[in-house]
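Letters are used for the chains, namely A, B, C and D, taken in the order the chains are written, and counting of residues starts over at 1 for each.
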Amino acid sequence: MTDAPKKVVLAYSGGLDTSIILKWLQTEYGCEVITFTADLGQGEELEPARQKAELLGIAPENIHIEDLREEFVRDFVFPMFRANALYEGLYLLGTSIARPLISKRLVELAHQHGADAVAHGATGKGNDQVRFELSAYALDPSIKVIAPWRLWDLTSRTKLIEFAEKNQIPIAKDKRGEAPFSVDANLLHTSSEGKALENPAEEAPDYVYQRTVNPEDAPDTPEYIEVTFEAGDAVAINGQKLSPATILTDLNEYGRKHGIGRLDFVENRFVGMKSRGIYETPGGTILLEAHRGIEQITLDSGAGHLKDCLMPRYAELIYNGFWFSPEREMLQAAIDKSQEHVTGTVRLKLYKGNVSTVGRWSDHSLYSEAHVTFEDDAGAYDQKDAAGFIKLNALRLKLVANRNAKFK
Amino acid sequence: MTDAPKKVVLAYSGGLDTSIILKWLQTEYGCEVITFTADLGQGEELEPARQKAELLGIAPENIHIEDLREEFVRDFVFPMFRANALYEGLYLLGTSIARPLISKRLVELAHQHGADAVAHGATGKGNDQVRFELSAYALDPSIKVIAPWRLWDLTSRTKLIEFAEKNQIPIAKDKRGEAPFSVDANLLHTSSEGKALENPAEEAPDYVYQRTVNPEDAPDTPEYIEVTFEAGDAVAINGQKLSPATILTDLNEYGRKHGIGRLDFVENRFVGMKSRGIYETPGGTILLEAHRGIEQITLDSGAGHLKDCLMPRYAELIYNGFWFSPEREMLQAAIDKSQEHVTGTVRLKLYKGNVSTVGRWSDHSLYSEAHVTFEDDAGAYDQKDAAGFIKLNALRLKLVANRNAKFK
Amino acid sequence: MTDAPKKVVLAYSGGLDTSIILKWLQTEYGCEVITFTADLGQGEELEPARQKAELLGIAPENIHIEDLREEFVRDFVFPMFRANALYEGLYLLGTSIARPLISKRLVELAHQHGADAVAHGATGKGNDQVRFELSAYALDPSIKVIAPWRLWDLTSRTKLIEFAEKNQIPIAKDKRGEAPFSVDANLLHTSSEGKALENPAEEAPDYVYQRTVNPEDAPDTPEYIEVTFEAGDAVAINGQKLSPATILTDLNEYGRKHGIGRLDFVENRFVGMKSRGIYETPGGTILLEAHRGIEQITLDSGAGHLKDCLMPRYAELIYNGFWFSPEREMLQAAIDKSQEHVTGTVRLKLYKGNVSTVGRWSDHSLYSEAHVTFEDDAGAYDQKDAAGFIKLNALRLKLVANRNAKFK
Amino acid sequence: MTDAPKKVVLAYSGGLDTSIILKWLQTEYGCEVITFTADLGQGEELEPARQKAELLGIAPENIHIEDLREEFVRDFVFPMFRANALYEGLYLLGTSIARPLISKRLVELAHQHGADAVAHGATGKGNDQVRFELSAYALDPSIKVIAPWRLWDLTSRTKLIEFAEKNQIPIAKDKRGEAPFSVDANLLHTSSEGKALENPAEEAPDYVYQRTVNPEDAPDTPEYIEVTFEAGDAVAINGQKLSPATILTDLNEYGRKHGIGRLDFVENRFVGMKSRGIYETPGGTILLEAHRGIEQITLDSGAGHLKDCLMPRYAELIYNGFWFSPEREMLQAAIDKSQEHVTGTVRLKLYKGNVSTVGRWSDHSLYSEAHVTFEDDAGAYDQKDAAGFIKLNALRLKLVANRNAKFK
């Protein structure tokens, strides 16, 4: 086959499925495989992935294991949170935002190794294939992307296990049967979907939740924290300066403890169908509330309302896999421009699934007690101005009313 | 004064402030005053307003007390909730949505009585003056609107009390001093703002909250309810068909009990300043979650994403007082069109401040387990289609990448 | 092949290409073919299509030739023009808007004949395949759509001619060679693209233009016409009431004569590539100008500005083939709502490629000379109101300026 | 009067009206007046303004006459044209875009002279007062803005002339009577409005047009020019590099000669009324066409469609006077980001009122003849990908159709 890849960089988790892909790439194409395993905060040991790869015959210099947590939060999560991005009103895009970074490193490693292809383990029904591939093509239009799940005939669990056994791929005991649902995790969130969760009428069983305690089991006493922002990004918790990934890690711990950030959601996939997911975004849920809290006093209404109007499109672009697109970059430029003075501190109350802003302050505040006060404002605001303001805003409505009255 | 009104319909609560306005209108203009007191679900007895008005010399036929709760929910609250309207990401517009209805009745009564003016008790710093007046002008462009707070010299509590005493207006004991904050209430929400709440850095004291128990004091056991929708509007709770106002009343009781719907918020007023409000929207918060839940399975993604894009503008129009405007009606037409199949039932879990969708089902569902399943889908979806879908979505990104590479 | 269609309704022009498709469907699938030929105002005789179809063995009762011009203009062109729809700022969507109607009739005929498939002659690189197919699937999700250009191996002119000869399909002399470019026409426009026009740097030769005289050859004297609208749709020219298709036909003649509506355009296809087209939309160009002219005096600014914001998305939906989609219908509901008073008459000057509104009047006019006059306005407008209007609009800008000054 | 300004910088044209304002400021407030006269390309000698100011007693060091043409085009006109900004579909914002620059210089001169106020000659009915004042307040929130037309009692031509005579202000003979209409001009456009033009039903007489020949009098032979862009801005005409103001000046001359850029328009003023204007924007009309032409081949569709969606709001902001606002700056950041590769050359045909792109080329082109060609594309594009693309785009429409069919 003339189109067969010669050297492939594979997004490799070390698990059974990507081990099968690894082997399948070798046997199907006779190609050299480079593995790439990233720590995005999914909370798993990565060294076993190295051993697995070696076991499958990958040369040590072709095994890449990287800690991308800081880059992930600094260059992907934080820019997205500047936009208060929510997909379809509720979803914090935890899976979507991780894919472009993985593709970026796959392509960079391909260039480094002189590979002509990258491969991923996403299926043909989901959004992740789109996100991986659009990102890869946007970064290297000549790269090949191999998506084995769309290509092979290993279309049942039985066939996969047979392939694994035939190829001496070790199979953990608990991987022989079907998992009751599918899980994706990174520093921002854990998502669970499929199989046991496929009926959107039925409440998800509690064992699905892995990152947060049940609110009912959370502490009976509220906890207060303070999050400090500079130019739209969180920089400190309770006054302590922290790196991006550390901040998110700490917020995750606060969220986990207080049962914050669970979402049972039916969403519209880019590929055209509805799907149901259980999302846990403990730190991200706190971060969104805090960011909104600090914007409340530091962001001008014209800027804020424009941001609100741009947000759904921005979120949709990320969800659909267009992080590396001209229009996402345009929106980012507008959003970032708005964040120059989004600096200050928010006080939050955490309690049994709730996160609530209860105070916010900033040297950059636009809140003017002098203007808003019910007390004497010493001339800061002339109430009579409101009469003219209303009159001119009403003028067109009056003209419409007069006109319409003629035709009733 | 040639512009002096001859007959005025006053939005009259029966409280001290609007009683002073009543008297002031009589003394300032020598005009006849008609009082209008509406039950919008604010939870106060209205008959005392009749007695107060009579005491101030208003003839019985000039006193109007009306129960508008059903009209309020059916024609204002429900249409707004079809849009999932949130102002600045968080505020459910509880005050904003009540003003147009009051203005509508003021204008209708003016026509009925041959009055040339209407009057309201909103101050010159807030949004309500704008909402009252834009609505009134849109419904009758020749009506006069009298806003005493922008006109008179009763600019301090002391002067108001003096005026009341001089004019034999009864003053309740607890109204002599300043209230610690200002309150507005209707069936949808209670808002509190001003004075004691003016520092947005300080947590609002618990006594501010009047409509909801503190989540910490809410029941330790979750409660589940089911809300049924027809064409975007709630029609039943736990299978029992109820009128619009009854549904909202019942949801308020559920929300109150479980501490749901509290919001500490700094918002941008239309008149240009930021202000801090404490909002309680117990039933509305449940209703929004439920409406989103049913839309998740019954609303097409194209329709849903368009709604998300239109929503911020729609919410801003309502907040700014443009309910009776051509553009709000255009948006409503689009939103209502989307709701034709938003019919079905949502199961919600209520627990200590949280309201969460845990299940939803509908004969109108677009959720297709056949398509989304991880199991064999019997050909409902051909995974190979995804390859072409991605390729064509990627095409322009590749062309951009190739072009940009030439100029690096 | 189990998926082979049994009975197919073919969009049949009577030309060589669709005759080849007709034969190919018969030979490839052994299926029955029903032909559908529509008069959309493309300006060709349709009876020859009947003879051709009969010659190719189609039974008379399976040949459908229909005049759809009134339906086309009334239900597709006019609703679109209510929106002032322009794709990418300039293109009047003449091809895009015809496709949904053709698909609608194909599907209706399929139901009438008990056919399981429809077929079209659009290629795999263009937008029309998408428009045909999305429309068909939206109207009948179980219909099969056959797109022979994406399926067969007749990939060169030579092979096509061979196939035609082998199958006794008559070949007009001028069809043996390649056409210098490809043409699509209907009552709204003629488009030309491909081959001789593929270099966007080179001016299109004059012989490409088929529907309009060269402006340089147009009359040296301007001509004035008056177009009357009711609720957003043109209903009369120079005072004479006319049917939708007749109005467009007459405007086409005015436009043709005066060289109006030529466009040399490079656009972005939905399938991801840029393409260059030469469009002639003589009557449509006049209609757009006239519609804007009447909206100028009859449409409120709030409604107009909202329409302007919605328009690009509306146009993109039509261009991409989503006429029969929930979101297009939502937008249409909003647009139609705005047009209730877009009633009145516009006077236009036509001259050598130009069409200019020079006057407009309406009983529904919102233009108020009383307000706008430089003369004494008798109190219609109080200039002092402007001071308050500006002050409150400036308030937030001042607060921003004060804040920003602290950090310079 | 404690609020009386002590030192005022006046936007001074040297004409009768601003001379009266100058005198009125002196007599009303006893304040010192600094005059500022800008050359924005309005085509008038400015030295007479110096003499007039001196005659009215202004000290030479308080008279400022500045050539702002390059700054005007480079920092205001060009950024606006990057957006293809059109207000209400048609108006190129020629007046709107000049006001912020004048306010900027007024405020800078106020700071330089220690003045506490600025003054302008715009009336209380128009948009210019808003633009001047919002800009001034945004740049210096503590500045006073004096708008004599909203303050004085010189409410008729007779009173103005009397005031001028009483104060020894020279009156040109042709200024004694009312001008038949009001004119504003700068390098981008000339606008005429009011009085003789107030009836929007009547064609504007030809003598209103001052910047362009009547298309009927334009040359009978087309002229071709080439405009070259770099990063969204015009940099050369016919291969000759020119400064921003020189380019616009030259394009104005081309436009004038060929009768290009006339517009008879009824627009919605920010202050709530409709008004009719006659605009001539000869060079700007050519520039818009050229900019669109070069974007057609250099701008990605995602970026272009986003720009189209943002444009109406951007144009409205400029029209309403919000140039110096956070949201205009956000939109500018997005627009500018899109222009990085908008580099190349457009060939335009100018003929009797028409300007048409007839060719465009660029090293930055995204147009790919390899992809779009009707000929064999050597595998650049696989037509079979289109099938999957359409299938997945259709999926949700099918699900909707199936659902809706159940309820018919």
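Everything that follows uses one rule, which is that a contact is a pair of C-beta atoms (placed from the backbone, for glycine too) under 8 Å apart; a residue touches a chain by one contact, two chains touch by 3 or more.
Values in this document were obtained by computation on a predicted structure and should not be read as measured data.
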Reference interface A-D: repeating pair among C-D, B-C or B-D with over half of contacts shared: B-C
Selected pair, greater C-beta contact count between A-B and B-C: A-B
Between subunit A and subunit B, centroid-to-centroid distance (C-alpha), Å: 32
Geometric centre distance via CA averages, subunit C-subunit B, whole Å: 42
Multi-partner residues of subunit A (each touching 2 or more other chains): 268, 271-274, 300-302, 305, 313, 322, 325-326, 366, 368, 371, 381, 384, 386-387, 389, 392-396, 399-400
Touching residues on subunit B, where the partner in the complex is subunit C: 268, 271-273, 300, 302-303, 305-307, 313, 322, 325-327, 329-331, 333-338, 392-396, 399
Contact footprint of subunit A on subunit C as seen in their complex: 300-302, 341, 363-366, 368, 371, 381-382, 384-389, 391-393, 395-396, 399-400, 403-404, 406-407
Touching residues on subunit B, where the partner in the complex is subunit A: 84, 88-90, 123-125, 129-130, 133-134, 137-141, 147, 149-150, 155-156, 182, 194-195, 198-204, 215-216, 220, 222, 262, 264-269, 271-276, 292, 296-297, 300-301, 304-305, 308-309, 311-313, 316, 321-322, 324-326, 347, 349, 351-354, 356-361, 366-369, 371-376, 381, 383-384, 386-387, 389-390, 393-394, 397-402
